[in-house]
Each structure stands twice: as C-alpha cells, then as structure tokens.
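Presented sequentially are two complexes of subunit A, the first with subunit B as partner and the second with subunit C.
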Partner chain A sequence: MPELDREEAKRAAAPIVSLAIAFIIGGIIVALIGKNPLDAYISIFRGAFEDWGFTLFWATSLIFSALAVAIAFHCGLFNIGANGQLMMGALAATYFSLRFSGVPGAILMPTVVFAALCAGAFWGFIPGVLKAKRGTNEVVVTIMMNYIAISAVSYALTYPMKDPGSWIAQSAPLPESLLFPRIGNTLGTDPMVFVAILMAVLSYIFLWRSRMGYELRAVGFNQLASAHSGIRVNRIITLTMCLSGAIAALSYFNYLFAYQYRAISDVLVGTNVGFDAITAALLANNNPVMVLLSSLLLAILYSGGLTAQFELGVPSSFYLFLEGIIIFSMVVFSVILGGKND
Partner chain B sequence: MIDISIIILSTLRRSTPLIFASLGAVYSERSGVVNIGLEGIMLVGAFVSVIASNAFGLLPGILLAVVAGMAVAALHGMATITFKANQIVSGVAINLFGMGITAFIPEALMGMTDIRALNSAPLLAGLTPLVYVAIALIPVSHFLLFHTVLGLRLRSVGENPASADSLGINVSTMRYLGVVLSGALAALGGAYLALEQGGGFTKNMVAGRGFIALAAMIFGNWTPFGALGASLLFGFSDSIQTVIQTMGYTIPSQAIQALPYILTIIVLVVAVKRVRMPEADGKPYLR
Partner chain C sequence: MTVNDNGITSTSINGNAIEFQSICKRFGSTLANDKVSFAVKAGEVHAIVGENGAGKTTLMRILYGLHKPDSGTIYVRGKEARIESPKDAIALGIGMVQQHFALIKRFTVAENIILGQEGSKFYISREKGNKLIAELSRSFDLSVDPEARIEELSVGEQQRVELLKVLYRKADIIILDEPTAVLTPQEIESLYATIERMKASGKTIIFITHKLKEVFRVADTITVMRGGRSIATMSVAEVTPQELSELIIGKELRVRGEQRVEPKNTEALVVENLVVLGERGNEVLKGLNLVLKENELLGIAGVEGNGQTELVEALCGLRRAVNGRIMLFGHELTGTPPWLLRSKGIAHIPEDRLSSGMIDEFTVYENLILGYQTEFSRAGLLQKNEIMNETAKLMDEYDIRPRDLEVKMKNLSGGNQQKVVIARELRKNPKVLIANQPTRGLDVGAALFVHNKLLEAKSKGSVLLISSDLDEIMELSDRIAVIYEGRIVGEFDKKDKVEDIGSAMLGGKGEYA
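On to the complex of A and B.
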C-alpha cells in the first residue's frame, strides 16, 4: 500500500477506534451502576431518532461552533472561546432585534446577523490580535474572554436588557417579524440547519480552494516558512480568529429565533457548546464536511441521553463523561496509530 | 462601618481554593505541561473528599481526594507526556470527564446531585486548617522550586528539555512529577471547597475556579508567591462584592466577577516583558 494511503487510513481509523473504545468503557460504567448497557445504547439511539427534531436542533448549534474550532485549528490556533463568542453573538442579535423591532424583518434580520457576526468576530479579534502582535497564548485569552462574556451577558440580561415583566434574567420576547419558520412546526427544521450545512460546505471551499484558506493552512503548518514565502502571518492569525469568532456567533440563532424567542441569561451563560465543539472538531479531524457528521453524532448522544435518563435512569451527565473518553482515546489513539500529532 | 477582620477572613476563605489550584498550575507549567484540566480535577477532589470523609472521617477523606486528583492528573500526564498528545485537548477531556463523572455517580447511585458532608473541620482563629496549609505551601514550594536540585531539574525540563535530557535528567519523570503535584493540589482546593466552605458536594460546584486559578498563576508570573498574591487579590475582589452592595454602591456584581479575567488579559498585554512563561511550556518533548 502506498505510504499516503496508509496515513489516510490511519487517520480515518482513529475516530472509529476511539468511538468504539468510548462506547465500551461507557457500557462498562453503565453496567457498574446496574443497568443493561445494550438497553442504554438502544434507548439513546432510538430516543435521538424519535426526537429527531431536538437532535437536529442541537446538532445545528454544535456545527457552527465546531466549524469555528476547526478553522482556527487549521491555522494552528486553539479557539476554546467559542462559548464566549456564541454568547456575545446571541447578545448582540438580541439587542439589535429589540432595539429596532419596528423595522421590517427583511431589513432587520440581515442587520441582526451582521451585528452578531461583528460581536463574535470582535470576541475572536482580541485573542487573535494579541497572539499576532504580542505572542500571547490564545488559549489563555480565549478562556478569559469566555468568562468576561459570561459577566457581560449576565449583566445585560439582569439589568439594561431585562424584560421588566419577568422575574428571571431574560430579555423581552423577540419581535415576531424576525422569528424563523419551521417545517411542520417541528423543532430543528428552522433555516439555521440549512445555513449550518451551507456554512460547512463554504468552510471546506474556503480552506482548500481559496487563497486565504491556503495561507491560513500554510501558517498552521509552518509559520516561519509562511513568513519567508511572503504570507503576512500576523494578519492571517488575526483574521482567522475573527472569522472563527464570527462563525461561532451564529450557534445560538436557532435557539433565539426558533425555540425560546428570547435570550435567557442562565441558558446562554450555562452553555457547554463551545467545549462540545472541540470534541466534534477533533472527531472530524477538523474537516468541515466531516464536522456535520461528528456534530450529528454528538447531538444523538446528547438528545438520546435525555431519553435514556427518562427511560432507564441513566443520568444525562453520561454524555459529558462519554465525551471526555472519546477525546481522550482520540488523542491517545491517533498517536498510537501514528497519525499527525499536534 | 465595616469590620476589617471580616473582610480579611472572607478574603482568605475565598482565596484558599485558588491558592491550592494556582500553585498546582505553577508546578505543572514549570515542568512544561499546561494543565487546563484543573477545573475537572478540582471537581473530582471535591466529590471524593465528601464521599470518602463521610465514610472514613475527615483526614482520610482529604487524603483520598488528593490520591484521586493525582490519578486524574496522571491520566493527563499519560496523554501529554507518554503519548505526546496536545495538552489543551487533553485538558478539555479532563474537564468534561470530571464534570461528567462527578454528576453521573451521585445521580446514578443515589438519585441526587448534592451530597452533604457529615464531618466539618475544626476552626483555628476563625479559619479551617486547610487555609493554613495552603499558605504554608507557598514558601515551601518557593524553596523547593528555586533552592533545591529537584526544583532546578523540574524547571529545567520546562525551559529546555533537550539540554536537561543531555545532562541525564529524565524529562518524562520530571514532567509527571509536575503534573501529578498539580493534580494533588487542585484536589486539595476542591476538597477545601466541599468540606470546609460548602458543607458538601453540589453538581459543578467549582464553577470556573479552576480557570481563575489558571489566571492567578499567569498573573503571578508562574511563581508560588505570585500565585498567592494573585489568588488573594481575586479572593479579595470576590469578597468585597457583598460589602460594596451593603454599603449602597451600585456596582453590579458581574463587573467585579469579570475583574480577574480582565486584569489577567491586561497583565498579559501590558507587562509582556515581565511576565514570562517557561520556554518549553505546552510543548511535548520529542527526543
């Protein structure tokens, strides 16, 4: 077998092997608490299928954040700030929606999207520009930005943007002109699922068919060589983080405009999507099209996990635990199998 | 009039988990391994300390929490040192694992997410013993890191593993030491939170303190005394929140909560020449 094919095969094997390992260890844990592992997994997959709307809804949010993580990763950057970026995106979207609620939806929605993209891009810009200009570790700064976003969202929805008529920290209902239609009024069939798929395809084209995508990957591969070949490395790093933040900012649009129809502080602040996104990106080997699959798989585990909790009493936190093992076996096995190590 | 001693005691209480965990981060990062899994390890420490102290008493409970923290940290070490995996990815996995397992076990076995601690620690001058342990560990760690051969070796593998290796220092062993120590200390921080502050374990009770501790370590320039100072500062800003509100000032608590993170970014930007991370921090050593 030619060397290249073997490398490819190994890289493709890592997620499958890791998933298998995670399911086995997870099954052992389920057995240890006195439940039948097979029943649990059947319940998870059947539940996710029966409640496909919720599964799709959850996958949609995850796809945006996972694409954000994957794109940054191609540039050698670790964006663990998708949580903060999606929160700021949602906050900006809510603010503009309510502030200009009288404007017709056809004009307002693009404005709202643009505002969210800008907010997310700005939340990515800060770690990006600090990395580019000062060499500051982007992991540390994105973590800090996550917590600053938590404070900002919590403040905004507790004081200035709070719905005066409600007793919890949440915004007023969003204007009706902005609400997304849903097919057959089923959750998860709002336009964002199609936007997410489109975004994945566009990301793929961007990374492998565009000049900036090429430069971005070149910087991720070797900064020094890229600089020597005339690529403006600092500019690429900053722009990549902006782009990454902007994409993540769309993660909770389905939540805002097709589910809760308002921003709820506890929901946004308590999100874990930005971290789930790391698992999804990793499982997909940072390939934007594969992100669609990995996000769907994680959404199945999450959504079906709720069913398994209801039916069998397997706690829904099983999902987090399983995710931890998936990542862990991914990193260990991709090294054992001789895959790329970064 | 506000009683100053109340603020001091409250600051010390709120700082203690941060002191433990940020000191742990100093050991890990000085040896060259970034450990963003502190949050998850603190959760495991908190959880085990409550379960074990309810079964065997306070001291055995704390010791078992430390052992559990070391075990989880060893997993991080295995992934990042032995398998040379990405340290951030592994840290994320540790956090998810810690959050998951500490929520899963009580829900699955006891049908609840909160566990009360049956034993409470004695008070010494208004503070529980672990507060004093945390503060005492700072000079000890300073001495260990900067005035002993072991400390020199640990730092050398974080600065320049290749030359340390050429001098016969076992890079892996030293890095495992740093990581496992960080696990022990983070678990102590978690145990303090659960046993001496919280009166038990509640789901996700660490609530971001692992990440604040990381910030404190950076703010403190990767040194034990620096980590102490930053932890005290963050603990202070945390404890004056209530004071400010009772005094009638309208500073939203969110602004104060964001302060440690904003300060850390500013320090990273402004004091970039003074703040310096170990040269080989975050990089796997490939021989």
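On to the complex of A and C.
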C-alpha cells in the first residue's frame, strides 16, 4: 500500500482501534467483577435500542458541545469550556423565556435562542480575546470560566430567578408556548435532534467551504504563515471561540424545553456534557459529520449502561471507565502518529 | 580494510560505502524513485543533483530508514542491509542532517546532542558530554557553545549542532540534504571546511545541492537524478558545469531574456529614516533610507543579520516602525496592517517558506489562494471551481509537479513548494514585490525561470530583491543597495566591482569572502 494512504488510514483507524481496546478492557473488568461481559454488552446495546428516544435525547446534547469542541480544535484551540458555555446558554434561555413569557412562542423562541447564543458566545469570547491579545492559555481560562458559570447558575437559581413556590433552587416552570413536543418512547427525544444534525452539516460546510472556515483552519495549522498572508489571526481566534461557545450554548435546550421544563440548579450545575463532548470530538477526529456518529455511540453506552446496571448490576461508572480508556487510547494514538510525522 | 574505534569497518572489499540497487518507491500515483542504482565509494564526497522532484530527498530518506522502499536493495559496505528505521541506519553508522532540523528549541546544544542517543545511559555526566562535544567541535571545525539554547542560535549554528549530533553518534556515512540552501556565504565556507575535515578523517559524505558551483568545489563524484531515475554517475573531472546543467534538466538551458525595461523616474516605494526594534528591544534598523523606482529591481546585498529580516517585516506590516515612514506612490503606508497591504499591491515571497510562506497540511490549491481567499469567495463561501481553474493554470505555468491539485503541500518536494509560493505572490502583478531569497531550493532550470519572472514582475511593477547570493543580485538588479548594521551604507550600479560591494557589506572594513 502506498505510504500516503497508509498514514491517512492509520488516522482513520485510530478511533476504531481505540473503541476496540476500550471494549476489550471493559469486558475484562466486567468479567473480574463476576459478570458475563458478553451479556453486559448485549444488555447495553439492547437497552439503548429499546430506549431509543432517550439515547437520541442524550446524543443531541452531546452533538452541540462536541461540534463546539471540534470547531475550536481546527483553529488550534482546546475549548474545555463547553460545559460552562452551555450553562450560561441555558441560564440566558431560562431568563428570557420567563421574563417575556407573555410573548407568543413563535416570536419568543427565536429571541430565546438568540439570547442563549449570545451568552455562550460571550463565555467563549473571554478566553478567546485573552488568548488573542495576551496569549493566555485558553485551557486554563475556559476551566476558570466553567467554575464561574457554576457559581453564576447556582446564584441565579437560588436567589433572583428562584421559583418562590419551590423548596429547591430552580426556576419557575417555562411557558407552555415554548415547550417541545416529545418524539419516541420512554423519556423520548424532541425536535432538537434535527437541529443538531443540521448544525453538524452546517459546521462541515463552514469548515471546508466557507472563507472563514478556511482562515480558521489556516490559523490552526500555521499562525505565522497566516499572519504573513494577511489573515487577521487575533480576530479569527476570538471569533472562533465565540462561535464555539455559541454552538455549545444550545446543548441544554432539550433538557429545558423537552425534559425538565424549567432550570434546576443541581442538575444544570452537575451536567457533564461539555466534557463528554471532548471524547466525542476526539473520537470523530474533529470531523463534524463523524461527530454525529461518535455522539450517538457515547449516548448508546450511556443510555444502555443504565439498562445494564438495572438488569445485571454492572456499576454505572462503567460508562466513565470506557470513556476514560477511549480517551487514553486516542491520545496514545495521536502521540504515536505525531511522532512519526517528522 | 580498516576498522575504526566503534568496530565499524570503514572500507569494504569493493570500496563501496553504499550501493543502491534498483530502488523503487511510489507515492500514490507518483513514482518518486524508479529503479535507482548507483554506488557511493567509501571516503568520497558524493553529490546528488537533479531537478526539483527528481527523487533525491526520497532516496536519502530511504537510506536513513524514514521511508521503506517498495523494492530494491541497499548494500552498506558490501553487505545487504535492512534499514527499517533511523535506529537501524544509525547502528550501521549512517547519519543524516535533514532540511528541517529536528532540534528541541528549549534545550541546550549539549542536551540536544546527547539526548536520544541510542544506547545512552540513564544519566550522562554533563562534563563528560561537554568534553566530547568540545573535542568533536575542534576536530571538525564546528564551533558552537554547548551551553547555548537552540532558540538563541542562527540557522547556520543549528546546522552545526545537527552535524555534531551525527558525529556524536559515530556516523561515518553522512547525508546532507541541501545543507547550503539556508546558509550565508560565510557559513557555506565554514561548512566546506567541515566537509573537508570529515573527508580527511575517512568519512563518506553524500550531499544534495542545486548549486553547481558547490558541486565542483567540494564533490569527488556526481550522480544525476531525473524523473525518479539515476541517469548518470561520474567523477567531477569528467564533466563541465555546462554539460552538468544540461544533464540535470535534460535540455539546453535557455538563456535569460535580455530585453530589460529601464526603470522610470517615479518613486514607487520610499522608506524614510526607518527605525525598527528587534526581538530584544534594541534598534535593528537605525534610520534606514531607501527609494525603489517604478520598473526597477533593487537588490539588497548584505551579510545576514544586518536588518534585512526586520526591513522586510516592517514593509509587510508585521513589525512596527518606531520612527520614520514608508510611502507607496506618495501614500503613507506606515502602520498599515498586513491584510490591507495586499490590496494595496504589495506581495511578499518570504525567506522561510515552511514557517511563514505556506501551510503544509493544506492542499496545493488551498495554498495558492492563501491571502487571496476573499477574491475567491462569494457570500462567504469559497468558489471551488474558480480556485481549481486558477490552480490548474498556475501549476502549468510554473511547472509544479506532480500535476495534482489536491496533493498536500507537505508531500511536494522542496523546490515545488517554493514554486507554489512564488506563483501565488506573482499572480496579481504586484505593484511592489518583496522577494526574499526567492530561488532557495530551486533547481537550475526553475531558478532561471524565476529570475525571468522577477524581471517580468519588474516590467509590470517593481521588485525589491533580498538575497544572500551575490551572483543573483548582480545578475538581476538595476541598482544594488548595501545594508550594514541597520542602514543602507552604499549604492552600486551593476557595472561596479563585486569587491567594492563586498567591502561595503562588511562596513568597508575588510575583504568579502
């Protein structure tokens, strides 16, 4: 096989091999705790399939954040802050929904979406502009922004935005006019899944067909050459982080409008979607269309994992365990591939 | 038969250090090496020459274990060798200095040399290592401070570190891939001295170059490659430079178009009293004055490090002027950001294509629109058809090989990458072209082509040519300005004597090498 193809093939094979490794090691662990690994995996996939509504629901959240991580990555930025960005998006969406609850849904929903996009973009803007102007490491800043988001959300839902009639820190119920219909069985999914798919396609077109996508990738590969060619590197970095944050901000919409019908502080603050998204983006080699598949796969492991726990007593942390091994093998792979690339 | 201290036999029975037998290597649809066969005698300096994309680098990477040949055999000192990785090559006493150095910037010279040394012990005493390095430096004429960090060193010094690394690993067959392309004339002289020393100590040297002058200066034997094949191996005494260049490009070298446009009197670019600071905050340009006329090709001659880099960066909007101004046809340009300069008609061929002229993970067509992406988009979307048409046209005009629009830039040969950069910068007929070492890495034919292109660019605009190759400057320039310690210290006509220019380059204080 020609060398050129071999290298590309290796890159493409990395996710599959990593998954295989994760499944094998996972299986060994299941065997060690005295269960039949095959049964466990069957239970996971059957469970995820039977609860397909919930599986898709979970994948939907993941897709938005994973796209956010993937796009930032193409610009050479590691956005660990999707979690904070989605929290701020959710908070802004809740606030606007309740504040203008009298406005008809057809007008209110776009406003709410816009508010969420702005909030997420702002949460991306800060690490972006610090990176562009001061060279501050975006990883550190986005992590800090995550903590600030947690405080902001718990404060807002404990005090100013708290439902007065409630015992716990949560907002008032969201207006009926905004709620999404449910699709599917059990918990069910909602129309956001289509928005997520559309977003993935748009991201793909954006990255490989648009001028800004071109500039963003140029900056990601070689800042100096980009600057020489007249690309406004600082602006691209800042804009990319804004865009990334804005996309992440949509991750929690299905929780708000199709599941909990209000913002519940403990649940919102406890979300981990923005971190699982990193695994999804990594598995997809940051390709937006592949993000659909990797998010779905992680959603299957998560939703089916609950079934396996229920049926066989496989601990729910099994999901985290698999995720950890996937990340680990992907990183090992990229080091090996990177090392050969002299 | 002699055996050196690490037990490697340095001459084999038939006296060949390396013998290639029918080496083939294919990349996709490109046959990079096509039944290459020739031998390198032990203890000789063997030059490999040939067109851009002829397969020279590929062959050397195969010898060093970085590529696996599809077929063919390599004999090292008469024995069939299986070289799967650089580790195997090093074990066989083969070392290679690649075109892009593989040094860790934050580490010191000594750390770089000692680290990664095959079979090194866990802990190496600093004194012992430094002592060995000092010894090697002395015996091979490679002066460099072992305690200096790589990031503080010039390109020439970094190359010496690479050479020391190879020598430290006791290589006695040493491959140099276009070692002089990035060096100043002075550094080239000192590299020649090192090569002589290495040869004198019985080492075999294989080196790739496009400069025929060098071949006749240091080589014993020459192998010519063309289209992936080795077409001739001969001793230097058997061939004249003219014959050699015809062998390389497979036809007679066309002479330069001699009708030159005379410069007009209009001032295209004026630099007045320009003061610019360097990395450490010191004044690097100390009030530089310069006038470039319309239809003029002005050559900037000077020893590297006298402010050329900073001048170019200031002209391209990448470095701030603390004083003075830059004017383009009477309009102030000082402080204009780089993204505006292009639309004003300033183009720039950067000195180091890899770091600042191209994006190696992008395809050729993506690189050909770099900086002009706005022109090729409508409503924010890139117009792929237009881009592809333009790319196909440019690849034909500039003979960029292989003729594959979607090939990644990093998979082009060095010279073909350079052609991409030049094609892109010349496409729009810039008002002012700043050409910094434009023929770096080009074969004789391509260099001539680019020279003609520069003359054409001058007839449509004006050109500022910066080059460490004084011959190139003398040939092309209407006028030559000598830069020294951040100022233009003299202006010359091409009828002036090279010695006078050389002396001005040293601040009038001595003889130019």
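Assume the second predicted complex is superposed on the first by the 322 of 342 C-alpha atoms of A that agree within 3 Å, B and C clash if a C-alpha of one lies under 4 Å from a C-alpha of the other, contacts with A are read in each partner's own complex, and residues count from 1 in each chain.
As a convention for this text, contacts are C-beta pairs under 8 Å (C-beta built on N, C-alpha and C of every residue); 3 or more make two chains touch, one makes a residue touch a chain.
All values derive from a computational prediction rather than experimental measurement.
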Sharing subunit A, do subunit B and subunit C clash or fit in the superposition?
clash
A:312 in the overlay: touching subunit B, subunit C, both, or neither? Say first, second, both or neither.
neither
Does the superposition put A:197 against subunit B (first), subunit C (second), both, or neither?
neither
Partner chain(s) touched by A:225 [first = subunit B, second = subunit C, both, neither]:
second
Counting residues of subunit A touched by each partner, does subunit B or subunit C come out ahead?
B
Looking only at the overlay on chain A, choose which of 165-173, 219-227, 255-263 or 273-281 in subunit B hits subunit C.
165-173
Using the superposition described at the top, list the residues of subunit A that contact subunit B and also contact subunit C.
342
Give every residue of subunit B touching subunit A within the complex, in rising order.
34, 36, 75, 78-79, 83-86, 88-90, 92-101, 103-104, 107-109, 111, 208, 211-212, 214-215, 218, 252, 254-255, 257-258, 260-262, 264-265, 268-269, 272, 277, 282, 284
Quick one: which bits of subunit A touch subunit B in the complex? Just the residue numbers, please.
29, 33, 78, 80, 126, 130, 134-137, 139-141, 143-148, 150-152, 154-155, 158-159, 275, 278-279, 282, 313-315, 317-325, 327-328, 330-332, 334-336, 341-342
Given the complex with subunit C, which residues does subunit A contribute to the contact?
2-5, 209-212, 214-215, 217-218, 221-222, 224-232, 342
Which stretch or stretches of subunit C touch subunit A in the complex?
26-28, 66-68, 98, 102, 316, 318, 337-342, 348, 350, 355-362, 366, 370-371, 373-374, 377, 380-382, 384, 411
